Structure formats: C-alpha cells, structure tokens
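Single-structure report; data block below.
To keep things simple, chains are lettered A, B, C and D as they appear, and every chain counts its residues starting from 1.
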Amino acid sequence: MCAIFGVGSHKEASKITYLGLHALQHRGQEGAGIVSTTDGEPHVCRRKGHVAEVFTESALNRLHGSAAIGHTRYSTTGGNTMANLQPLLMKSSFGWVGIAHNGNLVNAAALTQKLEAEGSIFQSTNDTEVIIHLMARSRERDPERALIEALRQVEGAYSLLVLVKDKLIAVRDPYGFRPLVLGEFLGGPVFASETTAFDLVGAAYKREIAPGEMVVVPLEAPKNMVSTFPFEKTLKRRCVFEAIYFARPDSVLYDQSVHTMRKDFGRVLADEHPALGADVVIPVPDSGVPAAIGFAERSGIPFDMGIIRSHYIGRTFIEPGQAIRDFGVKLKLNPVREAIQGKKVVVVDDSLVRGTTSKKLIKHLRDTGGAKEVHVRISAPPTAYPCFYGIDTPTRSELLASSHSIEKIRDYIGADSLGYLSLDGLLKSISLKSGEGFCHACFSGEYPTPI
Amino acid sequence: MCAIFGVGSHKEASKITYLGLHALQHRGQEGAGIVSTTDGEPHVCRRKGHVAEVFTESALNRLHGSAAIGHTRYSTTGGNTMANLQPLLMKSSFGWVGIAHNGNLVNAAALTQKLEAEGSIFQSTNDTEVIIHLMARSRERDPERALIEALRQVEGAYSLLVLVKDKLIAVRDPYGFRPLVLGEFLGGPVFASETTAFDLVGAAYKREIAPGEMVVVPLEAPKNMVSTFPFEKTLKRRCVFEAIYFARPDSVLYDQSVHTMRKDFGRVLADEHPALGADVVIPVPDSGVPAAIGFAERSGIPFDMGIIRSHYIGRTFIEPGQAIRDFGVKLKLNPVREAIQGKKVVVVDDSLVRGTTSKKLIKHLRDTGGAKEVHVRISAPPTAYPCFYGIDTPTRSELLASSHSIEKIRDYIGADSLGYLSLDGLLKSISLKSGEGFCHACFSGEYPTPI
Amino acid sequence: MCAIFGVGSHKEASKITYLGLHALQHRGQEGAGIVSTTDGEPHVCRRKGHVAEVFTESALNRLHGSAAIGHTRYSTTGGNTMANLQPLLMKSSFGWVGIAHNGNLVNAAALTQKLEAEGSIFQSTNDTEVIIHLMARSRERDPERALIEALRQVEGAYSLLVLVKDKLIAVRDPYGFRPLVLGEFLGGPVFASETTAFDLVGAAYKREIAPGEMVVVPLEAPKNMVSTFPFEKTLKRRCVFEAIYFARPDSVLYDQSVHTMRKDFGRVLADEHPALGADVVIPVPDSGVPAAIGFAERSGIPFDMGIIRSHYIGRTFIEPGQAIRDFGVKLKLNPVREAIQGKKVVVVDDSLVRGTTSKKLIKHLRDTGGAKEVHVRISAPPTAYPCFYGIDTPTRSELLASSHSIEKIRDYIGADSLGYLSLDGLLKSISLKSGEGFCHACFSGEYPTPI
Amino acid sequence: MCAIFGVGSHKEASKITYLGLHALQHRGQEGAGIVSTTDGEPHVCRRKGHVAEVFTESALNRLHGSAAIGHTRYSTTGGNTMANLQPLLMKSSFGWVGIAHNGNLVNAAALTQKLEAEGSIFQSTNDTEVIIHLMARSRERDPERALIEALRQVEGAYSLLVLVKDKLIAVRDPYGFRPLVLGEFLGGPVFASETTAFDLVGAAYKREIAPGEMVVVPLEAPKNMVSTFPFEKTLKRRCVFEAIYFARPDSVLYDQSVHTMRKDFGRVLADEHPALGADVVIPVPDSGVPAAIGFAERSGIPFDMGIIRSHYIGRTFIEPGQAIRDFGVKLKLNPVREAIQGKKVVVVDDSLVRGTTSKKLIKHLRDTGGAKEVHVRISAPPTAYPCFYGIDTPTRSELLASSHSIEKIRDYIGADSLGYLSLDGLLKSISLKSGEGFCHACFSGEYPTPI
C-alpha cells in the first residue's frame, strides 16, 4: 500500500504536500518523496524513512513552486531500494514527468520485457516506470495524450498523480481499485488517497475521483480543471480491504465514514458470532477498536481497553540470547491484568493473516493477563487469496486460511472460539450505488482482471 | 519524570535493562543510559533519543556483566545536555559509583553551594550529582554506608538505583513520592519504576519497595538481599499524579491497577459532573480512554472513539509560512466526523494544564467534526501548584487554574460546560492502608516538605 | 578527470579494486563506485566522497565476486549528483551492463537528442549513458558486439572498463586521449588508469592498452583474453597534460617515467628561461617539485623547500567576517621565512590557469616570507584553450592566457619575471614512437576531432 | 603532543582560534575544542576529529565572545574518550574555568589519589584536571592566585592557556619543556604553540613566553597585560624533539627557523656518516625533506624525490584477506622507480622508533623500486628512552634502540648501512643563549625531573 497527495495551486505547495503525506503516513512508512515545479523546472526529494525525517526545512525550501505531488511508500513490488522510491522523475523527449502511483499493474512484467527488447532501459524494478516508458515511446507529443495512450496498454490498479511542466493530472483506473479523492484548498484543487489529509491542511473534501476518471489541472489556471473518462468502461471494483483495515477511521472512503463502517462490521459480527456468557469485549488496538465498540454495543457485553499498545516501537529490537517467550508481541501489546483476569474475554481484531501474532497474543493474555477464556472475533472474512492490486499480502501458502479450516485455525492460535465476519455480512454492511461493487478477491478469489 | 530499571543477576543484564527501559519509555523520551558491571569494572552508554535508538546491538554488547541499572530521562532540573543524562557514573576514593534517579531534591542548590565552597567540582547541573559528592566527602569507606550518610542530608523525592563494584542498591525516600517496585526474574531480583516493565521481560511482580526502604543486593550472592529502613520515619506521601496521568494503565501502582483507578475516576466524575442529555462520551486518546469508559459506564451515555491520534509525530514539524489554524493539535488529533457531527459530546481528558491544547482541540471538534456542544470533563482536580518532586510542571503563573476560576477556564477553552473531579472524589477512589496518604500538592498546595 | 580500475580474476576482486582506486584518488575526489559480479548477478556501491569513506568493510563484503570494475569521479560534464557517479549499472534486453568511463564524448548531446526522440529515457546527465542506450538499441544480442556498434557512433575520448555477466572488456578510443594500462596480478589481468595502482596491490605492469584496442577477458577463463582493433585507424593523440600535471610522478605513462619527464621539463625550462642571479629555486608543492629539481640541477641554483603545504584541508573553511588577506592560499601554502627572506627566488609550478592563486601566493611570499624578488617559471606552455576530452578546464574566457600576453600575465600576478616552457621544448622532452603524437589542444588549439 | 591557541581581544575570537588550531593540526588529530566567553559566561565546543570537521559554521557562531582558547588533542595520557578532549571547562566556587594544556604532569597520579581521598571527583583520566581540582581546593578566591598555588604543587611539562570570566592567562612551566609563543594581532595578544599559526591569521610574532613565565591578559583592557615569574627558578630544558620532528618546518621555534635547523642536522649527519659512492639522496616525505636537502648539499650527492607520499589516507583501511606484503607502508609511500632503480640510495628520515615501518619501506624500495643499495641516515640520535613530558612515545621495551646495537638495528631493518646523528652533533647544530639547555631525555635518559 502507498499514499499519494498533490496540490495544484498554493504558494507553498511542497509544504502542504509534506503535511498531507504526514497525515497519510499509515499507508507507507518505508520512504517518501515530493516533486514540485516552478518555471517549468522540476525539483525532487526522495529518501527512506518517515515523512517527518525525510523532509527537513532545507529540503522543503528547495522544493519550490506552486504545484507538487508526493508519495509515501509501503514496499510492494520491487525491493526496498532508493531507485524504487516515488514520485519517479524522468526526462524524455517531451520533457520531464513526475509520477506518484498507488496500486499495482498486473501486466508490468510482460510490458517491461517488450520495451527492453526494443531498447528501453529501466532504472527501477518498479511497475510504475512502465508507464513512463510507454509515454516516451508514444508518437503523441503532448504528455496528457501520451499518458492516456500509455494507460490504455496497462492493466491493474492505479491511482496516479502526474506532474509535467504545465499540468497536474489525477487519474484512477476504470475498476477504481485504490481510492483517490478531490478537495478544495484556498480555491485550488488538492488530491489525496484519503480525506484525513484534507482535515490536517484545512482543505474541504469535494468528492471521489470516479473510477476511470482523469482530471487535468492547467497550472496557469488551476480552476479551469477538466474531467474526462478516456478509458473503456468496466465494472467498478473498489477495494473492500481499505474499508476493513487500511484507511484511517477518521477518513471518508467511498463516500462513507470508515469508523462507522467498522463499527457496523462489529455489530454484524456480533449477530453472526455472538459470544454468549462472555464478560468483556476488548479490541486489539488500535485497528480493532471501532469493531469492538460495535460488537460490545450490539451484544451488550461491556467494552474495555484490556490491551495496551506501545507506540515507541523502533525499526529493530534486540532480543536477549536467551529468548523471551512471545517477544515480538510483548514489545507492542500488553494486557491490563485487572481488566481480564479470571474473565471470559472476547478479543476483536480486523484481520488474521498468518496467525502467528494472534497465537502469541492469546498466550500472553492467558499467561500474563490471567484470562479464563479467549474468544476471537475477526471483523472480516478469512483472508485466503493474495492481492495483486497493491496490498502487500503474503503468498497463498503463507495465508493460514488458504489451507486451514476455521476449526484448525482456532486450534492453531489457541482460542476457545473463533468467528469471522461472513462475506455477505461484510458486503451488506456497506451500501454502494446500484451497479457498483467491490473487489473482494482476497476473501473470495474472484479477481476482476486476468492475473 | 523519569524511569529507572535494574537487574541484579542475569547473564545478559544490559539487554534485560534495555527492554525494561523500552517498556518505561513513556516516562522519559529525551535520552537513556545503562551502566553495567563485570569483574568490578563499570561499562556505560548514554545518549539522547529513544531507547530503541540509543542502544544498538554493538552498544549493548559492550555493556557486559550480570548486573545493570538504566534510566530514561524526561527533562526536569538541569537543561538538556549530554552531561545530564543518567545513570551518572563517577569515580571517587572508594571506587566508581553508578546512579539512576527518579525524583527531585529540594535542597540541591543549597548543598551544591556548600560543596563547591569546599572545593567540589560539579560536572552536571543535575541534582543527582549532589548525592555522589556527599558520598565522596563521607568518612565512610563503604559505599553503602556512605550512601546512607549522603541521603540523610538530602530532602525531597528520590527513587534510586545505585551500582557499585559489588552491590546493587535500591532505595526510596521516606515519603515515597516516586514509585519503585521489586520483581523476581529467573530467581534474581529486578527493580523498576512500574510493573509493566516486568511483563515485557517475563519477570514476576513481588511488591513495592516501601517508602524509606533500602534493599541491598550483593552481586556475588543476589539472593541474599537485605532490606533495611535507615532513615527517620515520616508520613507516607505517594504521588497521586502518577495514578492520574503518568503511569501506564497496564501497571500495578501502589498495589492497585492503574487502569481500574482511572475508570473509577471516570465513574466518580460522572457522579460529580454528569452531562445530562449528552449523546456520546469520547476520550482524548490515549490517556483519557479509561476515565472515559468509566464515565460512559456510569452515566449510560454511549462511548465512542471520536478522536483519532496520530502516532507518527516526529521531533519537529515544519509549518507553512501561511500558518494552519490549530496546527499543533491537528498534527496529533483529528475528529471522526460521523461520530460527533450534530451531537452533544462529552470529552474526557486526564488533565488540563495550560489550556492551550484544549482550546484548539475544542475548536477543531466544532469546525472539522461538526460537534453541536462540547462538554469537557477532567478526571483530576484543577492543577494549581507546581510540583517540586520530579514532575515537570510549568511555573505557577503558567498554570491556568492557579489564577482562573473554573468558569473563566471554561470560557477560555470555549467549552459548553466544564467539570473537574474533586480532590475528595479523587482520594476516595483510591484505597490505601490506614495511616498512609498521598502527595496532592499540585492540586492542594500542601507540600509535604519545606520548599 | 577520473580514474578507472578493473580486475578480471581474483577472489577478492572488489577489495583489490578499492585499493586500486585509492591509489588513483588524485584523479577524482568527488565520489567513487565499484560494480562486481558473481554467478551472473551484479553488485554495486556508489557514493559521494573519498574512496576510504565510500567503501566500508560491510559495503565491500557485499560486493562479491571475482571480477570488478571501479571508478573515481572528478566532476566533468553533468553536475555533481548521485545519478552521475560511476560505474553506471543498467539493465537492458541483453542483460545488465556496468561501465566505468574516463574521458568525454564530444557528440553526446546530439546522440542524446536523437535517442530521446526515439523513446529512450536517460537517468543521468552523464555522457557515458549514451553508450549504454546505443548498446540497448543495437540489433546485436551479444554485449561485446553491441558495444563495438555503439562505440562506432560516438566521438571523443574514452578509456572504458565494461563488465557484463561473463566478460570484462577494456577499450581505449582510437586517438588514445586518456591513458589505460594492463597489468598482471596472480596470473590474471588487471587494468588501471595509471601504473601506480599496480604498485599498491603488487601487480606487475605489462603494457599500455593501445589507442583503438579492445581487450576482452572471458570471466570463466581470464587467461584467454583476446585483443582486437575494431575501429577505423586514426592518428594517435595522447594527452600531454597528463604528463605535465595529472598523472602521479611514480606512474609510468606512455611507457615513460612521469617523474623523469617532469624533471626534464624543468631542465628545458631552465635553458629557455634561466633566472640568472637568483638565490634559490623553490617548488609550489607538491606538483611543482620534480620540475623544480630539474630546473635547479640544470641552472646550478640551489633547490629548497621554501613553501610548506598543509594536507589537512577539509571541504569548506569558514573565514572570519573581517576577511583575512589571501585566505584561501594561506590555508594551503605557507612560506618558510628563513629559506627565502631577502632572496631572489625562482618559483616553479606546473601550470597557471586563472592566475588568482599565483597572484595571492606571490604576495604571501613577499609579505610573510620576505622574498626580495619572485621569478615564476611554469613547466608547461600557456593554457589558452579549453579541453573537450575529459579534463575539467575553465571556459576560454576564464583562461588567463587566452586573452593576455605573457607580460600582462606577469603584471597581473605580480612576478618580477615569468617564463613558460615552450610547446616545442615540451614535445622534444618526451620521445614517442615515430608516427605517434600528442593532443596539445589546450596549448595550441589544434583539436584532433571536430568540436 | 597537542597544540594550544588563544586570542585575548578580537570580535571573532573563536573563528581566529579555529584557524590557529587548523594551522597546528599536525600536533594533534584526535579531537579539538574551543572555549570562548562573552559577558562573563563561557561557551564550549569539543568533538573528536579534525579541526575542519569539528567546527561547523553554526558551532562557531555559538562560540561568541572576544576571548577564546583552543586545543587540538593527540592522545597522551588518558584514553581516547570524549571526557578527555580539551579545553576542559569546569565550574567551582570561584566560577568557571577553561583550560587548554600541552604537556604532561609527572606527579598527576599521586595528586589525584590525594584529592580523591579528600572527596574530589574526577571527570576525566586527564592529568590536566588535577590543576582545576587544586584550584578549587585553594583558599585563594582569585582564580589567578589559585592557579599559581595549584601549579606550585604540580611537576612536569605544561604550556597552558587558561580562560576565566575576566582574564586570559598563558603560562609555561619553569623548565620550558613545551613551546609557547606570543604574537600581536590587530593590537591585541595572541598565543600559540607554534608561530605558523600566526602566519595564517596574519598576526605578528613577538617572542617566546619564557620558561616559568605567566602572562595575564585582563579581558577588559587586553593591552594592559602583565608578565610575572611566580615559580622557583630552575634549569631551562626545552624539548629538542620538537626541533627534530614535531614542529612544522615553517615555524620559528626557540627563536630559530625549524627548517634551517633540520637542514643543519642533515649537514652534520653527512659529516658524521657520509655515504661515499652513493648515487642519490632521497627523503622519507614529508618530514625527512629538509635534512635530506642538507645532506645532499653537504655531501654533493644529488637530491631527488624518490618516494611519493599519498595524502588521502583515511582512518582505517581494509586489507584483503590474502594480505598484501608491506600493506601499511604501501598505502602511504611508493617509490619512483626511475629515480632509484639500480642505484645506491641514501634514505634520510628524522626518526626510527620501532623500526617496523623502516623495514617495510626498505623492502618496498628494493622490490618495487629496484634500489641496488639502501643506506639509511637518521637526522637524530637513537630514541632509547620514553618521554614523560607530553610526547607519545612507546614504552621502553618497544623502543628498538633501547635494547639493540646500531648494527642489530641495521640488520633488522635490512639496510646496507645505517647512521644516526650524534647527540653532540645535534646539540652543536642549535645555538641557545648561555646557561640554557635542552631536554634530550629520549636520547640520553637524563630526565630533568624525578620520574
């Protein structure tokens, strides 16, 4: 997963972008970058690390200009190297182009092979670079038309912000896999992966960029922005996992409150898998909190913060030679003994992928916290299929639910009972306009595109 | 505030101490240090920064030995310089001494002046160094007796861990201002400011070190530890602010669960200052959560996580020249619009010191979140007096409650109503053994010692 | 100017390359890099800074393999950015290619424009990258043949080391502008810009790579290396400035001792411009030393080290606000008063480009050193034309000799007399095989290629 | 060895001091520091590294004030830790005191033990700190008188610069072991270890500070400086090794030119140990150059730069696993083959301590350079005794000449012949005023003080 943010008309465009990226830090902590432009020239800064580390005062001061795009990276395709940080900035015959991409192209490998055979040289192992090479090969001399020609050749997930010397372009693939929203800031357009970024800078949320939509902002006259739909129509397939896990709860996603959706997931989960006779409902913080509140409200079982999360986790932790049991989990999560001791506890989390963390946590709740029974409730269906559209899931064989029954998983993690939200339950909790739908391939295996 | 941690007998003493300090990171983020010992020689590492940054693998590997003490620093007296990081390690006639101190001495300035007049030279502006100079001046050649002689001359708050070549000593001042607990780890003793540190390393909590108690652990035979009470008896005055704010909710403080105490504060607060007709109770995360849960339970008003806290805050943030309204608060806290829009909201927090943050947050809840009414409830009495015992409070004139009525404060922060927990309500929520009491000078101005 | 070094068969190829680059550090201090290969995969490390800073132990340990090429960069074309450090490492349809280049292509801009129009995307502003794009566009699937095809399209100066998955290729342009030598190390081939690199690692110098020669080393059987001359023959035009200034005095250049050549320049200079009646000959250290010794020997005037050079010069020096006269020169050079006070001094240097340093030095010799007369002798002809073949000279207008008579220059720098070695005198001091010659365009303006 | 520099009255005192320290960098590369003062308050910056790295623009800007003292450290007593960098800055009852020390006290250990027994606590393992503790213990409330009282108790070598809130004090021990000179800069006094520092900043050299002299500069009226001789008179014993090795050749030491003294050493050496029939005289650069010129002039054998020194040596060099023969020497020194091949070579150096470097160099001259015979001439007597007055010599057992005859040393290093300058020859080359003499304990074992 990654985040993108862009601003078309603000005298401190790069500082606004930096703040927008900070608000979107949860979508990618590996590295960040900004490309801005003044007088037709680009400026770039890209480094590994968190947004607050990457952009120093002097770095931001060098990123002149009234238009900027930014990116925070969460490693997906193409290892963790400097060359893979975004926005990419490259020069070709029609000038320089900066590009920030959230998503993943499914035909990148085939296109790369074809382009290399024709003499193209790739700098990165990043699927995004394919788009720029396709633009460079285009006969179109206008970057906007070259971009459309390039995107017609790629398949998969892309929410893109593209900056060229006189335009800022926002575009979302026809399925609409990854989110992209439009806001208004001091009269000019801003773009972001999530609305929470608008709250920080004080911009007003206007609407989603629609699946398949391209919005072009002329830098000379940002208000004259133009929206077109240059691609063939297809089914809308927004990512449902964003609603469950990735988006911040204070964001508005697909025109709905993420927090409210998650509380609703908890409510439906309580209907589907009640935990009769339990004493307390506790979330795995922070992401399990809204669903746990919903579960508690619906079931009538009291809610409590029975697990404390430490927010001081650095990159690497040094473990003693004589290893500490369940070390990794203990560094982050610790039970509040008096809240759970001797009790039948319902633990609500939003996902269960490999199961190793859950297994250790449950042990810690029993050993350190003294829980009498531990009933696990997951506010999503079992994750059984890998994502090819930009979410960094393990391979199929590492996904516990791909090869284990729910009973086997319960046994493995050591819970007294285990319940998942059903796919039907999930989908009915979110209302969409008629004819639109979700990509739920990670749960159902129904991939909207050929893989 | 600061944290201390020590281990008397473990072959990887410094790694255990490092983990203990990590669990206590909330008590001080400015810098950290460890002193360990092997074969009578000390090893030391002290640096600015978080525990996870300060101690690299190679730094820990150089901290040999089976006994170690550690410290995380939260700036109190004596500016933020390298020389003020602890544990202090100094050499005097009876050998080297390492010392880690949580607390603040109230007669340090007078003692320093006297010692300098006699030819002592101070390295730091740290009150802790006074103790070592008094030890060096002692006629006692045994460090333990020299320490007792020194401590009999100082006044104020100290929970200390002292390491010399053959002993680890833990001592708490007669009032017992700052906490200090004893645990057992693989058969040997461990000491910490809070029990949560024991949970991480897998040690068992045994008991509080009593006010006025000194525990001496011989490094050759750690199990033969000896407890004495070498100081004149006085009233017990444990810090009540630890219970309200400083300690981690998963710790056991003064033999009681911090989480439970805080929920109880919320319950009594709901009795004292109900918010009739309110729609939702939301905490200021993370510290306001337990009291908000207690308030919600008692009042019957639904609880919700109406504010999201960002945990990616770096050291400094760069604001655009054209300043963003309520910038500092927005970086950290953002309302969940759908949870509060159009509602009468009760916001529960654990303290209100200068009032500037509350004022901005309330504005943000109204402007961005759309709250209809904002009723503030503080799970502590008004903070009207500075602390001289180790908590870093502003000067009296900066404390809003020292010179403003509650109505004036309400008006200043822009709340629809404002209620504080009463001192009586606070004290009755915590039960102590007969004859023991709290230091609540920050609320009452009743300082246990001359200032 | 830059340096290149390569080794075809040594189990610690990257460490040998690192030492070779260290010995060639005088040819470029801006940055350095190494590409090595094992099992068909490349490894790369490139950073700004001196060789000893760039390559840490762990960096070298990651550069596995028995073949490696390295480069130290002295900024020529294409500003000082990370992207311009070499060796370049790029991937195209026939696999990866690493390339280290000393020299400068004169038709790079035209070729870049043509390639971009056909859809190529350039990473750097480095002329070397043109070669790789030409290779990628070639129909030849063998990298060696693709390289020949590419080089037939470029014009200018290149001594190249090219590493592909199964071959190490060394090639020198038909004019032979820049040096390149072949050595033998433990039975395998080594390549370097100068022989001094062989002395450090203990390799034996075999011969120059001839102008227009390509040597291909199969990595599987390094001894089976093959030499060919794949380009059209042309006049040999080795750079004479290497002999005067750039090469280290302990190197063998064009099969002659650099130190001896420079002493000979000093001898001929003494014949052409004697300094009758002078008391002492002093060099501008370190580069003026050999010519000064030759001048002293021939003229019979005593030699002395009348100027001391400081070798502790960092990157930037902070000058007081109240500026110090001739600050920049004083930081580096200081007269030995007793050696020159009251004397008629002959100062020998190897070049005089802009004249500003000489002007300050002469003033310093008079003011601080007390010299009575200062007679400047330059062991080269006046530098009147810029170099387009890889030496970083100022533009024509900045070259003092391009627009000033010798008398005017003497007047500007404040010398009592000034004498340059004549071009004839220079050329007759160096013997070459019949039919071979030098590029002396910087002195004569006779450029061997169209510019 | 170390360097000190101080300025009493200049609006940019710290920048002048920084430049002075840079000119004295050869006397200590381990670390550097400056203490300056404004309005009675001290400012300090001390770090490991070279002067150019230690003092950034911002660091210098924080070192306000018109008086400053500085120090560069060459590790002598007391390992390489931050705490041992100078100037020391400490606070005692009469205020703060900054102190920069070149030299070594021989009774420091005894004084430290006595002070610790009385309750003093030492920060460093630096003998200089003893002086401050003695000052702090003094009954004198005036720092100047306290300093005199302290210095009357210490024995050994000290050239000191001391800064207190209203005075800058320069003092040299009665023997005058280490140098200290006085200059004038824009009407105010400057102090330095060597005169070369005056050349860089443009100050005029006035005279030596005499052995036993104390100069006090009132900061309010720097021109009213006062000179006194507060210590008992003793024999003058200036260090002769400064003349041979340590001082820069462009300095004036003990009122004589270092360069000229060294050329004279070479001349006397040629008389004492001629090398009849030799073809060329070559120095070990850079320090052997003046003596080699003197030797060549006197003997009539031609001088040449037959060895090239690399000035790019970083802190650590990584050697291949398959070690390179004579690696350490080769990194620094390389023969010029044509200058020595087949020749009988006289190699002139200024010292031979452990002999390991000479042994490797001679081998390198034969193997790589092709020298036919190597005759070593040392422009100093054999170093047979350790120095206790501030020069960092090995222990007696490591000094080759302490236990080996000259014939054995010759045999060990592999020279064809070996000659040292005699002590008589050395002393007669330097003229001093009647009644004054040198410390030559390193050659003769005649220590001026009890050890």
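Here is the rule we go by: a residue touches a chain if its C-beta (ideal position, glycine included) is under 8 Å from a C-beta of that chain, and two chains touch if they have at least 3 such contacts.
Just so it is clear, the model here is predicted, and its values are computed rather than measured.
In this assembly, A is the chain whose CA centroid lies farthest from the centroid of chain D. Centre-to-centre separation of chain A and chain D, using mean CA positions: 63 Å. Note: centroid distance chain A to chain B, computed from Cα atoms, is 36 Å. Note: centroid distance chain A to chain C, computed from Cα atoms, is 51 Å.
Contact with two or more other chains is made by no residue of chain D. Taken as a graph of touching chains, this assembly is arranged as a ring, one closed cycle with exactly two partners per chain. Each chain pair that touches appears in this list: A-B, A-C, B-D, C-D. Taken together, the chain D residues at the contact with chain C in this complex read 11-12, 15-16, 18-19, 22-23, 25-26, 29, 50-53, 55-57, 60, 196, 199-202, 248-250, 252, 257, 259-260, 289-290, 293, 297, 302-305, 308, 310-322, 324-325, 330-331, 334-339, 368. Interface of chain C with chain A (complex): residues 90-93, 116-123, 132-133, 136-138.
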